[in-house]
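Let me begin by handing over the structure; questions about it come next.
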Amino acid sequence: MTKPVCADAFLIRQRNLKNDYYSYTFGPFPGVEQCRPGNFVHLRLPSSDVYFRRAMSVTSVDKKNRELEILFRVVGRGTSILARYQKNDPIGILGPLGNSFSKPRKKEIAAIVAGGVGFPPLAYFAEHLVNGGFDPKRILFFYGGKSASDIIERGRIKKMGVRFHPMTDDGSFGRKGLITQGVEEFLRDGGNQRVRMYACGPEAMLRAVDDLGLKYRVPGELSLEAPMPCGIGVCLGCIVTLRKGGYARVCHEGPVFKIGEVLL
Amino acid sequence: MTKPVCADAFLIRQRNLKNDYYSYTFGPFPGVEQCRPGNFVHLRLPSSDVYFRRAMSVTSVDKKNRELEILFRVVGRGTSILARYQKNDPIGILGPLGNSFSKPRKKEIAAIVAGGVGFPPLAYFAEHLVNGGFDPKRILFFYGGKSASDIIERGRIKKMGVRFHPMTDDGSFGRKGLITQGVEEFLRDGGNQRVRMYACGPEAMLRAVDDLGLKYRVPGELSLEAPMPCGIGVCLGCIVTLRKGGYARVCHEGPVFKIGEVLL
Amino acid sequence: MKPDLKVTIAGVDFANPIMTASGCSGYGEELSGLYPLSKLGALLTKTITPEPREGHPPPRTAETASGMLNAIGLANVGVDRFIEEKVPFLRKQKTKIIVNVGGRTVDEYVTLCDRLSGLDCVDMIELNLGCPNVDEGGMQFGSDPAMTERTVREAKQVCRCPLIAKLTPNVTDITATARAAEQGGADVLSLINSLVGMAVDVQTWRPVLTYNRGGLTGPAIKPVALAQVDAVCNAVNLPVIGIGGIADFRDVVEFLLVGASAVQIGTTLFVEPDAPLKIVNGLKQYMKEKNISQVSDLVGRVRKY
Amino acid sequence: MKPDLKVTIAGVDFANPIMTASGCSGYGEELSGLYPLSKLGALLTKTITPEPREGHPPPRTAETASGMLNAIGLANVGVDRFIEEKVPFLRKQKTKIIVNVGGRTVDEYVTLCDRLSGLDCVDMIELNLGCPNVDEGGMQFGSDPAMTERTVREAKQVCRCPLIAKLTPNVTDITATARAAEQGGADVLSLINSLVGMAVDVQTWRPVLTYNRGGLTGPAIKPVALAQVDAVCNAVNLPVIGIGGIADFRDVVEFLLVGASAVQIGTTLFVEPDAPLKIVNGLKQYMKEKNISQVSDLVGRVRKY
């Protein structure tokens, strides 16, 4: 468990990616030091429209300059407010929070499954693996979206040198179909390779990946979302139901859970 | 009584005057058409820190472009939020609201008494008189502040051609002393000129001007302030006590009241 | 499909379920300068009392987090001047008029209902049984079920139009007063009035209101209002008008879903006087998206766990 | 002048009047990762019940205007695991520990007080007499003065440390339950717990909480809390701990001025976990400006109209 920091930072860089997708870089933030792939930060957005903080996965860090980057898509009140921030605006950050992805074993293939804005923590994770010496050719980067405009940061993925498998519902980029169909084909036809899956994305996608993992006996991890009043484990609001019974806090025991662990 | 409009406009121009003083120009706003000196607009500032709108006197209008200007000083939560607005930001405006100053008679001298951020409506009024053919030399513009930095828009006053009497508490600009001392000297020594006073400023100043008006039997008008939940006369929250008994709504019967009318 | 917003409550037809709340729209004159009152389902008047009242000395309103405190103290022109000065204006408005009345004794409520309910432009009378801001009358009527029942019963006897009992939320169990009002013969219930609240100025160490306390209203109290409307809708068989913190069409949908037949907009009128128009448009849009033709089809449709 | 923030309540010395509220700081472990708990006047635990409780199924929290709804349902590790797993950690903290307990019967409250009040690290026990989120127990204890008195009296008999009665705001007259708790022998009163509230999802037509209702907390309810604390401070002779919507040092000053001896910070911890530190600094600054040496000099100094 990382030791979180609660401090103000500034919006240092702002990129409007496709459509409603944005990349924001905040700094200087002391918590960057301990950030790991899977961790998230909790952002304070003072406005009459939102009261809780909003959780955002860290997608890259610059430890030297103590900067961290998030990627988000405008979908509701909180993200609309965030999209109106301007360069140099101060922002309250709490983080890094939550647990992180665990490394694949040496002989394993890492099958990364990103759906929509599930991309940010997985991009961080893939880069982290590659930078740590994991063979990029052993990383399959499945990335699904509704249409071409949902597949962001393609240049970044290319640079990683991983095996990129984009798919869109309407076929406007990559293969046509649901990303989990692509994953299932790979698992079915993959022969006796040892695979570990890492998934983040919409609930339906995570449920499908969980099912696939259980069906093909492939281990792996899912990064979950839940509305988070506190993000640090004290409110008991962000719970998910465990298969073995009982609840777990997404912000504290998660956001990364093992395949088969959570009742989705 | 003007017919108010409730509509969104944009921050078109933004000037940081001295220290915490700002000039904001909003437009296009249809209500500009009917604006008169003394009227105010009610601004919506969506933030978790303020709930009510904030009232701001109109200080100039550009009817052709349907723009209006306000001047404000950052003193509390509302004005701090306003100060953070950026060019082209949208803002909800309700107005014009309230009554307006009445013209001096032909032979009268208009003694304008502005204290601090009481300046904006009086500047509008003086310009309106001059533009309407009233001899600027018959307008005495008393303008008091704590120190030099509180006397804003001096160029604008010069351009009007009025007789400018600035005073500051610390003597850093104009004469040293309270503006009401200057006004009293003028009234005392003014001989048999017929004078009408127009005042806007801090409560203590208004009380002193009211006293002077009654003491020297000089008629005139005071523009008052009160926290205003609605600004349109329906909440009955912004009341002042009348000398004759009963209450009046600052937003609806005012903000301009006759000297001697209100228990200050 | 053109969504139909008409609602009928106790035999009275309203163009839409969006009403103003008492004390938040004066006697209609000021709002009518912003838009025709025909856009409203109904206009509620400030509480009318037998005698004119100046109300409490200023300050009597204050800003709070997502809401406000008020202790206006039932300032109003009194029933005589209301009939003389305000009714002629109201008569010309193409909207339903609901007159809210308040008394210090049961007799005063009765007299007011008697004098006002026969006027041609008065479509309903609403009894203010729970204003927290007057020393006599007001709250005790609303917090005691027996007093509530008696007041409603006697008022109903003289009332020539449908009668609304407006309930106070400052009670342990609002369904008890709701049932009492039903028992007394109310045709409609409306709730909630304001919650008792207070604030202190940390510079002067004085309460921010000269009445020391006041009524808390606005979006801050919406969840409390919704819970109480839900409880009352499950406890009585009368139509209910939901009030409390409504700011947009989504809030209205919530109140309809738990069982309100209509709603009143109070504090929001102060910060967004044209909110009723936006809400009506929002509701229409929502109904189109959800394929709902009659607004009444939403009433009570919440799917409880 | 160095402002002195120490307060003594029922014989217990607190470094400052800023405590966390029950259910908003877990058992202290998570917060201690952000700052040393010695910065707090006291840490309150989540309500401990005799048996472990999972609480209600998700979703059990929701955002509201300047506040939130929760129906956690008293999820907690139960008294056995609390003593085994949490007490060792709490024992090491250099702050006062107040354990909040809740039962379904008077006996359960008594048993919990008996088992917990003798632990060396437990400085006070707080009885949760008004959690709106459990079917049995909880609210009925707090809304009925007779039950309140009995529960407090029996708990007090076994309690080896000062006893706080935490009152529910969902009553017609909180001074009645306050006096009942005083009568029962409470050493301190704390208030308010959460207001009953509700919200509905307009897309799914389902309540936003699986428990249908929940407790409303946060800045939205501060004026209600302050009015009730003010009323109780005038009605009893016990020290009072103010709770409800406190977000900054100004809010704390308001509670102290109406008579609270200390305060608890709840929901604000979720959005600003370091709020207690900021509040302590703000209070010190304020006391310097106002030339107040002892924080207790603020208590009850409101100048009512």
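Some observations on this one:
Which chain is which? They are A, B, C and D, in the order written, and residues in each are numbered from 1.
Going forward, a residue touches a chain if its C-beta (ideal position, glycine included) is under 8 Å from a C-beta of that chain, and two chains touch if they have at least 3 such contacts.
Since the structure is predicted, the reported quantities are computational estimates derived from the model, not experimental observations.
The minimum number of touch steps separating subunit C from subunit D is 1. Chains touching both subunit A and subunit B: none. When every chain is reduced to the mean of its CA atoms, the largest separation from subunit D belongs to B. In whole angstrom, the spacing between the mean C-alpha positions of subunit A and subunit D is 37. The distance from the centre of subunit B to the centre of subunit D, with each centre set as the mean of the Cα atoms, comes to 48 Å.
Those residues of subunit C in touch with two or more other chains are numbered 64-67, 218.
Under the contact definition stated at the top, the residues of subunit B that touch 2 or more other chains are 48, 51. Chain contacts here close into one cycle, and each chain has exactly two touching partners. A complete list of chain pairs in contact reads A-B, A-D, B-C, C-D. Here subunit B touches subunit C in the complex through residues 1, 3-6, 44, 48, 50-53, 92, 94, 226-227, 229-241, 246-247, 252, going by the rule given at the top.
Within the complex formed with subunit D, the residues of subunit C that make contact are 64-67, 69, 143, 170-172, 195-200, 202, 204-207, 210-214, 216, 218-224, 226-228, 230, 245, 247, 250, 253-254, 257-258, 286, 301-305. Across the complex, subunit B is touched by residues 46-49, 51, 86 of subunit A.
Interface residues of subunit D facing subunit A in the complex, by the touch rule stated above, are 23-26, 30-31, 33-34, 46, 54-55, 57-68, 70, 72, 75, 218, 267, 269-274.
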